[in-house]
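Once you scroll down, you'll see the structures, which are given as structure tokens.
Both complexes below contain chain A, partnered by chain B and then by chain C.
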Partner chain A sequence: MDPYIAPGSTPRQSATSGLKDCFIGTTPLQKRLESVRKQVSVLPTPPRRKIPQCSQLQEDVDPQKVAFLLHKQWTLYSLTPLYKFSYTNLKEYSRLLSAFIAAEKQKGLAVEVGEDFNIKVIFSTLVGIKGTQRDPEAFLVQILSKSQLPSQNREGKVLWTGWFCSVCGDSLLETVSEDFTCLPLFLANGTESNTAIIRTWFQKTFDCYFSPLAINAFNLSWMAAMWTACKMDRYMATTEFFWSVPCSPQSLDISYAIHPEDAKALWDSVHKTPGEVIQEEVDLFMDCLYSHFHRHFKIHLSATRLVRVSTSVASAHTDGKIKILCHKYLIGVLAYLTELAIFQIE
Partner chain B sequence: MSPQKRVKNSQAQKRTSQGRDTFQTSLSAWKVKEKPSDSNIWKQNNPVEAHEHVDDEAEDILQIAVGYFEKGPIKTSRSKDKILEKHLKTVENVAWKNGLAPEAIDILLNVALSGKFGTAVNTRILKCMIPTTLVSEESVVKAISWLCVGKCSGNTKVLFYRWLVAMFDFIDQKEQINLLYGFFFASLQDDALCPYVCHLLYLLTKKDNVKPFRVRKLLDLQAKMGMQPHLQALLSLYKFFAPTLISVSLPIRKKIYFKNSKDLWDSAVLAVRLRNHGPFSEPLKLTLSPADLHPLKRKWNSHSVIPRLNSGNYAKGQGKKEMSLSDHLSCNRSLPLEQLQSFPLLLKNIHCLELPSQMGSVLNNSLLLHYINCVRDESLLLRLYHWLSQILQEECIWYKVNDYEHGKEFTNFLDTVIRAECFLQEGFYSCEAFLYKSIPLWDGLCCRSQFLQLVSWIPFSSFSEVKPLLFDHLAQLFFTSTIYFKCSVLQSLKELLQNWLLWLSMDVHMKPTMSSPLETTLGESMNSVSALIHYVGWLSTTAMRLENNSTFLLHFILDFFEKVCDIYINHDLPLVVLLPPGIFYSSLLSLDTSIVNQLCYIMYRYHKNLIAAKKNELVQKARSEFSFSSKTCQQFNHYLTTMVGCLWTSKPFEKGIYIDPKILEKTGVVQFKNSLNIVHHPSLLSYAASFLLQCPEA
Partner chain C sequence: MLKEDCASEMRVHLAKSLPLPSNVNRPRIDLVVFVINLHSKYSLQNVEKSLCHLDAGFFLGKVCFLATGAGQDSHCSIHRNTVRKLAHTYRSPLLFCDLEVDGFRASMAQRLVRMLQICAGHVPGVSALNLLSLLRSPESPPLEEL
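Let's turn to the complex of A and B:
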């Protein structure tokens, strides 16, 4: 199947190679030039993205694991490349990380690595969560509580889950050496204190850096358009938008729900280029929604702030929270998020 | 024991006989005694020569006293206490005044720990075991052997350990003591000794000493005794050496891990240090420095902006099966960063340095910045790049959202980064990228000085490429801001030019060894520099119009061109760019003396540079591709003629720039021809006036 290709990747890549011919050598410089170009390309946004295609998941994906990733609310982070991370050491990392967590939880008390704690950390790979062959394998980290009763042999409750992935993150790969593993997107579900501990450990161990990944209104409308454009056999949720009006003492939230088929019909009416979404279409799509709303309520939504979009494919909040609902488009959604994460770390 | 005793007796006799001898220097006294002795107790002689003669007598008395203690208490003597007291006083006095020689310490340690005298005496002896300069390792080992015999009380043992910790730095060697590691470790069992033994082990532990069974033992102790600071300290040291065995996270708040082990000898230790090294800076504090540098208040991620230094054996140590040979070598012999304290140490270990686990921590460590400067490791720079870019971005966003306090923190962080850049004499690419992102949003106010400094450290690159990203935005701010902002921008652009020139002139001369990051020819580089100069010329000309030819501004502009006019000679780069006419004429007609003066100087330097360039061009045709356009020379001559016409020959605006005399007449100045020459120039008017005022006839 066709992989989901990052925006404007074709023109940009050609530019890369052109520049590379002139400036062969040090990677940091390439990196710098990359960011320079990024800046330039910000001004005339030419985005053109493919509509996510169905069943992009590769055959070897464990359906159970995918199910595990769906229907959960994930907090998004961008992550700089991991230094000297090795997939062969996952067991060792489990041991070290669980000792680290135990030590963090009881500050000042030393713990032995490999000792039996009441928590357990599991690292496991998520085979097949990738956009291209070059994408490194995604992996999952889980913190489980061990059941206190020895008679209960079952695995304990999942306290915290986080996963690292890169879908179509090629543009980042080009700028680092092989000491690094590029998994620019990190998704976490669980208490923030646990997330903080895990962030600290990864940052200390692999010299990487996590930053919360917020999604601005511009990107939210892109998501709205792309996800509405997805073909669905059966709609599971209504298409819903949230706008926030900043006013005191309490901000005013406006929710705008549409029947998904109506939304799709609206999209089809503004959509022209087959298989692709372009900026004008996104603008037009949103403008139609705005004018419809204005006709009924005399409120200019364009003057407010879009904070949440939810569709049958996924729902996203401006705070950087996402919930993926449809397994068919998992890869497509992740590809866009990876793109945003890469943009943030460059 | 007995043979030794015999030796000692003979020594004692000798000593008493010597005591009666007349003037003997202490040096020879120790030496004489060496001869009959077959042990090497008196081997080392290191008296303080300056005091030699003065302390002669005291030395003798000391020897008698030491001899007395060595013999042990005289059983039946009535005056026993008196004599004991007298000798004890002697030893104490000498010890606190000048310290004791290694030999004396050797003997007295033996005495104190063998339990010949009572505990009170032992305590007093131990308390005054202050070395003149050094303590020999052998004496310490011997003393430790007494601990096994069980002849000394618990208190004496405690005191001995405290002494050992206090004097640790003065023990000449530590290999043998380290061999006794297991013995010390076993002493941890003793609750009273535990804190002091921990401290000793903390000083003594090497990587090889860290063993799984010891880790387990320590953890058992911890389970028994709870969270004890001394155990924490030792455990975290273990963790440092063997991160795969143990994990501990220290409480955020700074703690003292070892209390008063040393306080008994504080002044004495200082005195010894002074004797050994002369005035000495405060010795390193034994704290485990979590957040030593930062007042830690960030909760969200419990780490301060710049990570603390921690060597990176974490990631390396694991997965032992596939560790490569080089990893092995680097693991075993590498120098932990925590021990890297001086530049010589860095030089000695530069091939086997353990790099920090978080590269960002180098910003606070000048030694490691040296290292970064000479090791061009790509991944090292990339790690720094990624980290710095993210931090800059994140902190800056915070700054906009959050309070004043945070702004200060960000400013401090930027200052640290700039300090590192100045230290390296090189800009970071992350900072450049950061500027590209933030300059369009910058209000020109917050962190102004930091931002402008960052601008001046932009690494050399093609000007045309950087211009739309940075300099166009900067120009907008420049034109719409106050004169002070304009001046600071010009100042930082001057520094930028200087940095580029330095970098280029280095690069030109090092071409064979160091490949230029931008694979450009010299000609292209020169084009870039000249574009920068033209850009500044354009800024200046417009700014002069906006600010009504402000003299203040003109100073900064001329400062810039003072750099420009000397490029050819100072930096050996084939470039001469003249200052724009708007600046030239404003300066020539300025009412300020210093401006006219500076302009004359600049013209003079231009002249020198052009002459040098011409000469060179004649000599070596090879560089002809950079031949200066005759236009530059023409323009210069044009300027010069105008200048001479005005200042010197009183024929203004006839040659060079031409202005119709009729127009000049219209100005209403009677003698317009003279009024700009050096005698009548308005800028020099104040001098003329003050001259007249000072003239007595006036």
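Let's turn to the complex of A and C:
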């Protein structure tokens, strides 16, 4: 679950800066203990105020450059800070990782029929995928199959893609020392065996730890509300919700599709404060959907588990799979995911 | 809970919601435990509706909230703070327990039986109200903050 304290809420910021002034010169461990204590002492809190980053338009994100990130299903992991990672050594890392993958594949650990053993790994930075100036630069790892033809144009098929990013991950930056690079969100697309090999290499090289990031029903309903709140010129997909009802012998799946404009109209009638989304609005939005469904089908959706939410902005599954459809709100979606990842790490 | 040894006779009545039917003759109720399943918003709504039907006198130590399902975070659709706020509003203790796990269930049963004995007045020197002030969490903020 995510913390009740949003990074953007103003009352806490003033308290944080005050404490920071007193604690200049403390060790990272003291800073960490202080941050944990701050979280505990603020519970229970007033209704959560969260600024939907959806409303920000990232001007410096070039749509062409990030187009390959959209419309792909990414599996999410949270990642602890990387030790002694350097952006200048990317070529070196590419070389080492290629060698490692080749060695692993020859060991027979991940042998698949017909797989091309001539692979190349490329590390590159992703410009513009960050929320604040303090966020470290995002970087991308791709496994490509080496083309058999000597021509320059055939770069080879992309077999696996993974990228590391941090959007508005300031709360984590406060607690670690200079040697660490904090990129808490890792997204992977490709076969599970390749992902496992990449994870092993990173864990060995940078002393970090990956854990799969699951998204629970509470956060999925927040995502549904925030993404419905986003202003879109053109709706590309219907807004859909999927619930899973645990019952024997087989679980029942319920899917509920709404026209995106109707969903936006419902949200607008619920939404009060401009620029912010609060817990009550999310609850009310979901309750309206539940009661409408109950009126027609006499089923209490609130007793079931929300497993998937799909809107024109993005679609998320509870197992930690995400697909981003709109480049305008890419940063907003990543910011929320970064917050979930940081919460899982802490 | 019924498996626990208790000096006096203990009866447990289960109900899906309040109010209970009034045409039945029943013994005095000493402790009311509201069970909230964190996986289901419906159970929270049910509890909230039932709370209105309970006499105010019970809230002086004879009511307790039990939240189950916190262990499986991926299935939770209610934030823990929501139930904490509810318990704080009604000035009653909140216990977390994964009722699916045998070990936790047994220890929670022991705890509830002990609380029941105090609420029924069977433990000399401790009353339900004393217990309530002892169980109050130290992190509760003053009223102005809520």
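Just so we're on the same page, the second predicted complex is superposed on the first by the 272 of 346 C-alpha atoms of A that agree within 3 Å, B and C clash if a C-alpha of one lies under 4 Å from a C-alpha of the other, contacts with A are read in each partner's own complex, and residues count from 1 in each chain.
Rule of thumb we're sticking to: a contact is a pair of C-beta atoms (placed from the backbone, for glycine too) under 8 Å apart; a residue touches a chain by one contact, two chains touch by 3 or more.
All figures in this text were calculated on a predicted structure; none of them were measured in a lab.
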Partner chain(s) touched by A:T318 [first = chain B, second = chain C, both, neither]: second
Chain B versus chain C as contact partner of A:D207, first or second or both or neither: first
Which of chain B and chain C A:Y83 touches, first, second, both or neither: first
Chain B versus chain C as contact partner of A:V176, first or second or both or neither: first
First, second, both or neither for A:C247, with chain B first and chain C second: neither
Touched partner set for A:F218, first chain B, second chain C, both or neither: second
Contacts of A:A103 with chain B and chain C, given as first, second, both or neither: first
Contact breadth on chain A, by residue count: chain C or chain B: B
Common interface positions of chain A, toward chain B and toward chain C: 40
Contact set on chain B toward chain A in their complex: 215-216, 218-219, 222, 227, 231-232, 235-236, 238-239, 243-252, 300-303, 307, 310, 312, 314-316, 318-319, 322, 357-359, 378-379, 381-383, 385-387, 389-391, 393-394, 429, 432-433, 436-437, 465-466, 468-469, 515, 517-520
Chain C-facing residues of chain A, complex: 1, 4, 40-41, 43-46, 214-218, 221, 279, 286, 290, 300, 302-306, 318
Touch list for chain A against partner chain B, complex: 22-29, 31-32, 35-36, 39-40, 80-81, 83-86, 88-89, 92-93, 95-96, 99-100, 102-104, 107-113, 176-177, 179-180, 196, 199-200, 203-209, 211, 344-346
Chain C residues touching chain A - in the complex, by the definition given at the top: 39-43, 45, 73-81, 84-85, 88, 139, 141, 145-146
